[in-house]
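Structures for review follow.
Two complexes come next, and they have one chain in common, chain A, joined by chain B in the first and chain C in the second.
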Partner chain A sequence: MATTRILEWIGRLYIWLLLAFLYLPIIIMALMSFNVSPFYQLPFEWTTEWYASLWQNDQLISATWNSLEIAIITTIISVVLGSAASLALYRYDFPGKKFLQALLFPPIAIPWLITGTAMLIFFFGVGIGRGLFAILLGHVALALPYVIVVVSARLQTFAPELEEAARSLGANQWQVTWRVTLPWIMPGVIAGGLFAFAVSFDQFVVSYFLSTPGQTTLPVEIYAAIRKGFTPEINAVSTIIIVVSMALMLLTARFFKFGGEK
Partner chain B sequence: MAAQGATASRSGLKSALPLLLPAYLWLTVAIFLPLSAMVFFSFMTELPLSGKPWAFTFGNYAAFFSQSLYLTLLWASLRLGLEVTLWCIVIGYPAAYVLAKVLKGRSREAIFLLVILPFWSNGLVRIFSWAMVLREGGILDTALNAVLPFKINIDLMYSYPAVIIGLVHSYVPYMVLTCYLTLQAIDDSLIEAGRSLGASRLQMLKRVIIPLSMPGLVAGAVLIFVPVVGSFMEPRILGGRTGTFYGTVIEDQFVAVFNWPLGAALSFILLAVVLVILALAAPMLRRAA
Partner chain C sequence: MAGVQVSNVSRSFGAHKALDDVSIDFADGGFYALLGPSGSGKTTLLRQIAGFDFPDSGRIAIGGEGVERVPVEKRRIGMVFQNYALFPNMSVADNVAFGLSVRGEAKAVIASEVQRALDLVQLGKLGGRRPHQLSGGQRQRVALARAIVTKPRVLLLDEPLGALDKALRVDMQIELKRIQREIGITTIFVTHDQEEALTMSDRIGILRDGRLVQEGPPEEIYDRPKSEFAATFLGDANILRGDTTGTGIRLADGTAIAAEAGATLAAGAKASCAVRPERIRIAADAGSPDQANGNVLRGQVSKRIFAGNNSTYFVERDGQTLKVIVQNTGIDRLAEGQQVVLRWSPESTVLIAAS
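On to the complex of A and B.
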């Protein structure tokens, strides 16, 4: 019994060590964005200078707007198309359904380096070229499988009798979908949308290959800046990004939890 | 449901098609056609749209097999993938076990969320954050010198270990997640029964717990190994000049050297390797799902 308790105690300690490993670099990066020294030297002296100078950086600001616009449009398109596809996969049986479901995994499983370079070649070949439109095309394709998987998971908890009951009470197919099914799967749809936003907003690899100077997203700009040298400004903008994306995922977890279990 | 589905098979497709078509059309245009185009272009001497004359060739693949550089780099990337995966198992599996079998209730939920959370935040930024820790005069250096009585120089930045640390940091939550899911499914009474029959902790681990959680281990390993083999941003930022891998060479073909056909061939070879690995792991993955 005593050994069990000691082992449990070691286990808890271990988890905290893992959390330290996961979070300490991020916390240090965030702290350095508030440090006066541009060379990250200690002792620590508080400043918000680096955040203020972000506002002067037009390139970074325009890239931020691009990122936000693309992420929002990606979210809307992939949620609409993805929810429709999930409904079809849930409601109907037809030959080749298994195959269509299996097709969702290559976009998730194939490394982005391969997908990104393939998109670059193809978009160039058919005349779409690079730029924000190409990035949007790519992001929606990356986000769609996630939306379909998440919404389908929610649909698994749906009782088909509800649709039948509505139908027997005289509702047509459209009313059934809009008034009965959609409200039920809403938490899944919202979670899928947040996933889609995160996939797009944090996406670096695919955006990197599809961007041109002037038509870039925030992560691509940050990568370019990092390769020129480290500055506290990068820390500042990185801190903002990480806070935003973590907040988003906390929101997602909330919706998925409330939606997923009961 | 099943019987109804079988009879409604044909009409089912008709009703499903309008809902399915937009999504799958998009995936076709942005994923499946590009992947096919990549295979096509990898057999060309020049990009057809560049205006220069082009012809079919096996030269890009010949370049891969004749120059030992590419094979060496592919091997280096596979080794990197293997090492990162092993570290993720060593670090992630015990954590998943503690989460699934030691912690309970709200604290388990909260800690599980905390472990998964960074994974869904920006990967580029997380890699960058390690530069703050690992460079000379960085936090690790300063902290160790403050504690230790003798002077040491920690400058891990731009080295192979830095790349490993950054990648393990990026991917270990995957392993915790997949192992946690399979470990949690193991019935506690099974473990109690084994223990009461006189099995030691180590025996239980070897004979019961690890075999039962194998699908999660394999799923995690595949989910980590595949993207690591194709990584280029992490070795670039943390590896500096030592960070040349197969992925960085592909990146170069597209953004620096502009030899797209060679880049396409290299990408396709990587895709083939990835598909073989996924196919080998598929039976295990299906059991995990």
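On to the complex of A and C.
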């Protein structure tokens, strides 16, 4: 009895230590974004001054909007293209299908540094150059495999008889897709979309390679700001991003669970 | 409503001949069973009629109109799938409404037709449920309602009762038959369950290795099988092999077996006789002389299986085991090891060309 109780306590302690290890730096950063002293000095004095000055920091604000815009457009494009590609891979057999499917995985494994370099060289070669459009193209390329993998996984649980049943009832290919197949894969599509958003919004390496001084995203801007000199505004903007990211991840978790239900 | 004509349909998948020159005429309003072991081509044939797959050669006509190149969504058929294939994201009513809705029917028409179909399958009050909240039998009924609500020309059923337990299956057999009679729709029904085929259908087609072995009313196939396969696949049969005498066969030991039905064969050819186990009378061998008419064989009971209302005797005779089923009348019980005489009439014997 005594030993099981001790083991239980060790287990609990372990979980708390783990959570502390993960979240303590973040919590401190979040707290410091509300502290008067810009140099992490204690005692803690409450202020929202940094959030106010963040509001005045046009560079950070515009980078945030860029990031959001790119992330949203990336999500839309990669979800539409990715879901369509997943359906095509599920429904049809065509020459080179296996090869295409195999090609989907390396982009997930190749270091972003290398992908970023390759994109930079390629975009210069074809005349696209750097800037927000280049970043958008890069992000779509990075996000697409994630969407296809997630949606394809969901399609594996789909019963092909459902499409046959719909066709036997007179539904054409569009009606079958919209009314039977898409509702079934929707949890996968939403999860894939959240992945795409996260891949784009958190993206630093590829964005850094493809941005120009006026056209940049939030992570790149934060990096540049830290290099110039640290200000608690960074804490403030980071806190906002963490809150938004965690909310997104909780949503993802919810949809993944939903995806496991029958 | 319409009849279905399948003429000389062949379909191969690679080197495998799934259907080999199959022709069947499904009469308007009939209830037809396609029976065969797995891999016999019965499901392939059903999918050809449905339009999920097209034949390599041959013709398929529904109501006289050639449809062998018309895709399933344009064939106006109703189909019930083995695993029901109900749309999980829709309510029962929406499932049933699907066929009318994709056709663009008015909402009011859809609502009343759906209610009528659900009433027909006795699920009138469950329209708001989701498929996963229903029992297997109820899902089966929803699948049926969904297939018939669009007033298809022909109803196709792919082993629709396979997933149900025995008691429910018998209920659904009766129910399915009632609904089919009520709407008078041509129904083609794939099964590997011979009992289901015998009890439900007006006609049966037996398939084997992609070929139609025999086709006709259940009684005809049971009483007059044209091949050993048909005889043993639909019901139980004792097969005796020998040389034909024109009106029967002569077994290896010289015993003559007379047959009144079956193939007309030239004397001397290899042939067999089929006789159903319940047509044979069995009695203890008292050594009395044989009567002039009727078939007689002597043997020894090797095993008796008691099954309540009947008993099955296995009788060893010249290296062959014959099966005899006897109604339990409470008298004439024979013991294992006993010498017995088997008697049956030539009318119960079918002459079959050697396969």
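Heads up, the rule we're going with is that the second predicted complex is superposed on the first by the 249 of 262 C-alpha atoms of A that agree within 3 Å, B and C clash if a C-alpha of one lies under 4 Å from a C-alpha of the other, contacts with A are read in each partner's own complex, and residues count from 1 in each chain.
One rule holds in what follows: contacts are C-beta pairs under 8 Å (C-beta built on N, C-alpha and C of every residue); 3 or more make two chains touch, one makes a residue touch a chain.
Because the structure is predicted, anything quoted here is derived from the model rather than measured.
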| Thinking of the overlay built on chain A, is A:I26 touched by chain B (first), by chain C (second), by both, or by neither? | first
| field | First (chain B), second (chain C), both or neither touched by A:N35 | value | neither
| If you stack the two complexes on chain A, which partner ends up touching A:N66: first (chain B), second (chain C), both, or neither? | neither
| request: Identify the partner contact of A:A159: answer first if only chain B is touched, second if only chain C is, both if each is, neither if none is. | output: second
| request: Considering only the touch criterion stated at the top, classify A:G125 as touching first (chain B), second (chain C), both, or neither. | output: first
| query | Should A:G170 be classified as contacting the first partner (chain B), the second (chain C), both, or neither? | reply | second
| said: Quick check for you: in the superposed arrangement, does A:W184 touch first (chain B), second (chain C), both or neither? | reply: second
| query | If you count the residues of chain A that each partner touches, which comes out higher, chain B or chain C? | reply | B
| query | In the complex of these two chains, what residues of chain B are touching chain A? | reply | 1, 4-6, 8-10, 12-13, 15-17, 19-20, 22-24, 26-27, 29-35, 37-38, 41, 47-49, 91, 94-95, 97-99, 102-103, 111, 113-118, 120-126, 128-133, 137-139, 142, 169, 172-173, 176, 226-227, 229-233, 236-237, 247, 250-251, 254-255, 260, 263-264, 267, 270-271, 274, 278
| remark: chain B partner, complex, touching residues on chain A are 8, 11-12, 14-15, 18-19, 21-26, 28-29, 32, 40-42, 77, 81-82, 84-85, 87-89, 91-96, 100, 103, 106-107, 109-115, 117-125, 137-138, 140-141, 144-145, 148, 160, 198, 201-202, 204-205, 208-209, 219, 222-223, 226-227, 230, 234-235, 238, 241-242, 245-246, 248-250, 252-253
| field | Residues on chain A engaged by chain C in the complex (per definition of touch) | value | 159, 161-162, 164-172, 175, 179-180, 183-184, 262
| query | In the complex formed with chain A, which residues of chain C make contact? | reply | 50, 52, 71-74, 76-79, 81, 83, 85-89, 98-99, 102-103, 132, 146-147, 150, 156
